[in-house]
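Think of it as A, B and C in the order they're written, each chain with its own count starting at 1.
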Amino acid sequence: MENIERSQILKGYLMATLFYEPSTRTRLSFESAMKRLGGEVLTTENAREFSSAAKGETLEDTIRTVEGYSDIIVMRHFESGAAKRAAVTAGIPVINAGDGPGEHPTQALLDVYTIEREIGKLDGIKVGLVGDLANGRTVRSLAYLLAKYKDVKIYFVSPEVVKMKDDIKYYLTSKGVEWEESGDLMEVASKCDVVYQTRIQKERFGERFDLYEAARGKYIVNQDVLKVMQEHAVVMHPLPRLDEITVDVDGDPRAAYFRQAKNGLYIRMALLKVLLLGW
Amino acid sequence: MENIERSQILKGYLMATLFYEPSTRTRLSFESAMKRLGGEVLTTENAREFSSAAKGETLEDTIRTVEGYSDIIVMRHFESGAAKRAAVTAGIPVINAGDGPGEHPTQALLDVYTIEREIGKLDGIKVGLVGDLANGRTVRSLAYLLAKYKDVKIYFVSPEVVKMKDDIKYYLTSKGVEWEESGDLMEVASKCDVVYQTRIQKERFGERFDLYEAARGKYIVNQDVLKVMQEHAVVMHPLPRLDEITVDVDGDPRAAYFRQAKNGLYIRMALLKVLLLGW
Amino acid sequence: MENIERSQILKGYLMATLFYEPSTRTRLSFESAMKRLGGEVLTTENAREFSSAAKGETLEDTIRTVEGYSDIIVMRHFESGAAKRAAVTAGIPVINAGDGPGEHPTQALLDVYTIEREIGKLDGIKVGLVGDLANGRTVRSLAYLLAKYKDVKIYFVSPEVVKMKDDIKYYLTSKGVEWEESGDLMEVASKCDVVYQTRIQKERFGERFDLYEAARGKYIVNQDVLKVMQEHAVVMHPLPRLDEITVDVDGDPRAAYFRQAKNGLYIRMALLKVLLLGW
């Protein structure tokens, strides 16, 4: 047998992954994307603890140093706005791989790409956003991006303590996007093209285990939900998942979440190509 | 001067190292093997702490994601059976790089390869397994593998608290392998082709420092042991070593443990080649 | 667009970075250097915690193993003298990337290279070393290296508790290098070609926050200092910086510290090339 043919269009380019917050999934996805295109990677698994940041260096100084060593920076940070500060400082491209409670734009891109691939269209779709809508930056970014398409209808299905915040609701209304809140997952699931489930984020509840336990387990995607869903519809999830989608759903062709994760690779390959070589 | 000629047969292939338990030696050995063949690596130094596992994701979900990013997975885990669960889930090859108290098959392969290279044969050899035979998965796997050869004789030399367990003894007997327990390291060393020393694993004793101290230091391979060993015989050790082999043994040509470590590289190169390109 | 042309002179070579102490800046600089020349890297971000060292393995045993997996080792260690011990043990080149309070020779090389590039000469220059001269191994190494050039004059400007130690002073005197201590940063800055500022190292003060606070903030390089500096002079700093150089200095063309960091890349590329391929 022989070598498999793989693109080498980014050969000679070096990407630095500066992760101030652990995220193995996102990091490996970006590093795989770079290497699948023939590029190379400088990696930090936990920049927060193991770097000059611990000695009090500013993010701007770190960026000015790292830009000297690489051609593009992928940054995950625990503070909202950190990616923008890095991008303003750097003379090379900076990709935001999540900045605390702020944004996670490549996730939103891969979500939209997945919907397009799975459903065949974005205009006119009905999407149910389920679970932790207050803390989940992925659903916030997705709602924001869906507003760019026509005749989209969004349903919010979430426990009382983690409802979608008003800023997104106002934004959708201002863009003419129809939305409604519902407590009935079965009814929403029966009408939607996409059921987008999310994890209740325990780490955002602090000491309030009681609130966490109340929120968790209220809306579960299981065989009963699959039964009412349309044949062409899909279940999505940004992962990691706990038990908000039962494991017996995985075998159903409408379970799109692992295909969705794989799409993250393609979206990041495309992004790296465009940022380093242009359109 | 010019480039050294190195194989590129795995160019374009991507290996993911998922290490849920630290093992720099094993990880670097696998990563070196992959890179020596022209392949590329996605690495996690401590998947347990820095990944979605900390958020409660199942191993199966992690594997389903990582298999989308790579062509082969090398996994070290703290739970027995984890590698098998991963292999069942993944659509790409999974190599077990040690699963807790379970197995460490590539170590056993490199041990057998080392004996063959050093002694020139495997049939008819006499092997003394010394030290922590209860907790050391390497000696357990090695005993298991040696049973596949003819006329092998095995001596167990260990402190009372960490004796070889019955399952392996029964297995050897059922395969017609001769074995005996001995408290006399000198006598065993004088008869064996291979003296395979191991570290008393402090981390398995918990709070019982008294038991650990009693076990440690009972059987030391030193100049006295070398003196009674035959000229063609060798001392092996899976490393890391503390003081169960004295440093003055290192200079003796029969000290095979660093050659043994290097053989780990060759065995892993062969394994990666076979699993990705076939025989 | 197409691939950028980058050197591949180290293609096929493998560098292992063994970092027993975190230093993202230095590690990424070495790894970038290796990859910019077409070489490959085996990396450990925190060898101290995640390796056999935690189980009690000696440095010598670790080196004997790692040299089997790579062609060159870059080591950062928390103990003075560790790099020398590694180099004596290894059959492949070992580069000292800092050994505790000991030395940091590649930093000294890049500092001297930066002075040469920025000022155009090394003989006859006047250098002000400012800040933590007791604990900063970079200023100690730089003073040592400057003694190899002619007619160099060195000014030491530091808080009382972190003054330059006598061993370096004696050495300079023995080499005929003129030096003096001064408490007047403005006057020194007006005379020097290089103002080399350093961070007061909080981590070396232990519990004595009062001493730290007293030392810190005594000598700050700011716009006032820039005003008295000559036009051709430069400000250098090994980084990371806290507030000992104010941010508004960054925009001045005489602020050389980020160019200095970038020079670290070139110096390490040169070093890797020489050690692996010869002069």
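Operating definition for what follows: a contact is a pair of C-beta atoms (placed from the backbone, for glycine too) under 8 Å apart; a residue touches a chain by one contact, two chains touch by 3 or more.
Values in this document were obtained by computation on a predicted structure and should not be read as measured data.
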{"item": "Arrangement of touching chains [line / ring / star / complete / other]", "value": "complete"}
{"item": "Equivalent interface positions on chain B and chain C, same or different at half", "value": "different"}
{"item": "Copies chain A and chain C - rotation angle from C-alpha fit, nearest 5 degrees", "value": "120"}
{"item": "Separation of chain B from chain C, taking each centre as the mean of its C-alpha atoms, in whole Å", "value": "40"}
{"item": "Residues of chain B whose C-beta touches two or more other chains", "value": "43, 45-46"}
{"item": "Complex interface listing, chain C residues touching chain B", "value": "8-14, 16, 40, 42-47, 49-52, 54-58, 60-62, 64-66, 68-70, 277-278"}
{"item": "Residue numbers on chain B that touch chain C, as the complex places them", "value": "1, 3-6, 22-25, 28-29, 31-32, 35-36, 43, 45-46, 199, 202-203, 239-242, 247, 258, 261-262, 265"}
